[in-house]
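Below you'll find the structure, written out as structure tokens, and then a few comments.
For clarity, chains are labelled A, B and C in written order, and residue numbers in each chain start from 1.
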Amino acid sequence: MIKWADVYKSFGDKKVLQGFTLDVQEGETVVIIGYSGSGKSVAIKHVVGLLEPDRGTVIVDEMDVPTLPRRELYELRVSIGYVFQFAALFDSMTIGDNVAMGLRQRKEMSEHQIAQRVSEALELVDLPNVEDQYPAELSGGMRKRVGIARAVALRPKYILYDEPTTGLDPVTSAVIDELMIRMREKLGVTSVVITHDMRSAYRIGSRIAMLYDGRVRQVGTVEEIRRTTDPIVRQFIEGRATLDDQQPASATALAGGASVGGGRA
Amino acid sequence: MAIAQIRSVIEATGRWVRFRLEEVGRAGRFLGQLARALTDVRTWGPMATLQMRTLGVDSLPIGLLIAVFTGIVLALLASYSFTGAVPLYFVGTLVEKTTTLELAPVLTGLALAGRVGASIAAELGTMRVTEQIDALETLAYDPEAYLIVPRVVAGTVMFPLIVGVAMVVGLGAGWVASLGLLGLSSEEFLKGARLFYENFDITYGLVKAASFGFAVTVIGSYQGLQAEGGAEGVGHAATQAVVYSAVMILVLDAFWAMTWLHGRSG
Amino acid sequence: MKRSNDFIVGLVVLGSVVGIVAFALWLSQANLGSARREVVARFTDVGNAKVGNSVVIRGVESGHIESIELESTGWVLVRMALDHDVKLPGSPVVLLSESSMFGEWQATIMDRAAAPDDADVQQQLAQSGAAGHGALPGARLPDIAQLTAVAGRIAGDMSRVADRVQVAFDDRAAVELRQSIRNFADLSSELERTVRVQSQGLSQLSSDVHRTVTSVNATAMSLERTATRVDSSTSKGEIAQIMGNVNEASADIKATSHDLRDASHSFLATQQQLTSVLTHADSVLGKIDRGQGSLGLMVNDPSLYQNSDALLSQMRELVAEIRAHPGKYLSVKIF
């Protein structure tokens, strides 16, 4: 279980998270939607301890992430796969080495086993036989899939996806969506997915949470979100330029207090 | 009105001081993390060789090139300055002393500050802005131990080696130049070179070089990790790394001269 | 890839470490392979000697100083590493001295008997030797700076003496001296003649005598002045002897002039008295004039004066030369 409890985080004068509260149950896929720069990536970086909250805390499997000692934090990270927005592959290494990185760090498997696991993971993302190529030789979509393969190769309990389909063509997006669904169904992985792609969100999400103004505006099942009456959520999921047909988007700030949803916990 | 202005000035000063202190704090924490990561030999050990290759061995040619020209120029400078008033074999003394004590470490250090400092800052900066460093962390790697310590170790170990070779080559070049251009005999040149030679000369140069190597790699790494905001940020980090490294080399040079050289009875 | 990196890095590291160490050894002229023997010497003061300075035996470089330690007893122990096959002299002592004008020092091992006969050096050696066993007696020679300072002082004194002697014995002074002596001789013979022609009356004689005495007095004073100048410029040896003679002569002349003055005052002097006095003075002056005695020699033989002048200028040149090239004259081997 992943649980954000009243997390505050700001960078300099810029307040990003202001009381972000959300929890993710075992085996479900929670999709976090929200505007660019609303702090979705910041929120999931807290889960693996890449960022420390100014206030509040993040709990993963009963462990308080911000106060975890270094060693335990590293142990926790092994159980969490993180798929970065731009894949963040190590460009000085081959694809095979990239995928094997986490496995090597664990020091549980022989090189042979690692190679086997790497090719399995690459097959899972439909990229067989690219082990010896370098990231620069692959297209953006392929790199994103390698990023996913790197995360899943560790057989993690949780996978955090940071905009896995952004910037991809619809077909590749669909392939990746499929992949994420397969992960949950085949491996029982608990996932948090950040996206602004509503089609993808509806397809893969068990629940959807909208991050707005540093906190969760509304969280609910796909159906609940589809039927929401919250004007801001509506605007976002329908992709309209204005809150309703006349009012400009900026005016929504005035109506910010009228939150409809909220943290489930 | 006036009070508000004074207030804003005081606030600006306070903010400036706070930023500077934060910077010091960040740098201090960085060094602390570095020291902790140094104990994680299993992580950085295997990476060190690669860095020694790229930062050290591959820097040899530039170091040697500098040394050759420095040696030749020193020999000619010396003979020009002596103009008959000082025996010509002192060319050897001057080349030996200046090469080992100062020029081999500092000139090589400055050249490597550009080459090594910029490349580290650019590489780590790129890794930072493309989230590769975050990715490392999520794969349970310690970036300090995995990325920075190997570079710092490689720099601290390889700089003195390059500088040492530069000393040998520099003196050799000065020797050849004295033979070929000044008509000095080998015996005279060697007599001059050995006249005031002490093992301290080389030790001093090498220790200095090690400190330069440490400073250049630490500054490069620090600037690289601080990079933000894409290509421009990476470029900025690389520039900062080179500038700070060069300044640091000169500061360290003065520091060693004041603390170590100065105390010795010449 | 990784293996080749390891290999190349290893190769470069080993290569440069070996290269740098070899370079350092070669520059410091350390002898690898051949065993070295160690010699320790004790000094009160090691001057500017430093670790690494060479050790010389009979002019041949045979090792170097390995360490210099300050002992709690107040001595300085200098440890020297010598080539293995070097033989030390019978009763070796170690002298530290400057080996070049540029502040470099060396240690010279030599036989006790061959050590310079300088009181200070001998005292240092004796003290060091008496301080205990296990270390050779050592002494530190004054460095070139001190030697040149002393030489410079001596040279200054010499040139002052030379100047004075030159002032005292320039050509004019010599001519004057000879002239006045000749005048005095002429005068005395005239006096004699005048006295002999006594019949012309006492008053006549009296004024003549008076005049003559005044003239004699002046001459004597001139002689005395010359003598004083000579006196101030000399202190010993030949010149002292010259002085003695000149003093003697001037005393004689003074006595004569007193006698003459007495005679002129009393008008009671007899011809014999005057004659004998004048004869005496004449004989002294004649002796001087004939070139007997040092002063006479000097006065009558310009070559002697020229020789002494030439000698002085040579000394001056030598001092200048020593100042310019101290190593040539003041090397350890001389002392």
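Assume a contact is a pair of C-beta atoms (placed from the backbone, for glycine too) under 8 Å apart; a residue touches a chain by one contact, two chains touch by 3 or more.
The model shown is predicted, which means the values in this text are computed figures rather than measured ones.
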Overlap of the chain A and chain C neighbour lists contains B
Min distance from chain CA centroid to global CA centroid: chain B
Relative to chain B, largest Cα-centroid distance belongs to chain C
The distance between the C-alpha centres of chain A and chain C, rounded to whole Å, is 101
Separation of the C-alpha centres, chain A versus chain B, in whole Å, is 42
Taking each chain's centre as the mean of its CA atoms, chain B sits from chain C at a distance in Å of 59
Residue set of chain A touching chain B in the complex reads 45, 48-50, 70, 74-75, 77-78, 80-82, 84-86, 88-91, 101-102, 105-106, 150, 154
Seen from chain B, its contact residues with chain A in the complex are 127, 130-132, 134-142
The chain C residues in contact with chain B across the complex are 2, 5-6, 8-9, 12-13, 16-17, 19-20, 23-24, 27-29, 50-52, 100, 102, 104
Residue positions on chain B within touch of chain C in the complex are 46, 49-50, 52-53, 56-57, 60, 96, 157-158, 161-162, 164-165, 167-168, 171, 193-199, 202, 206
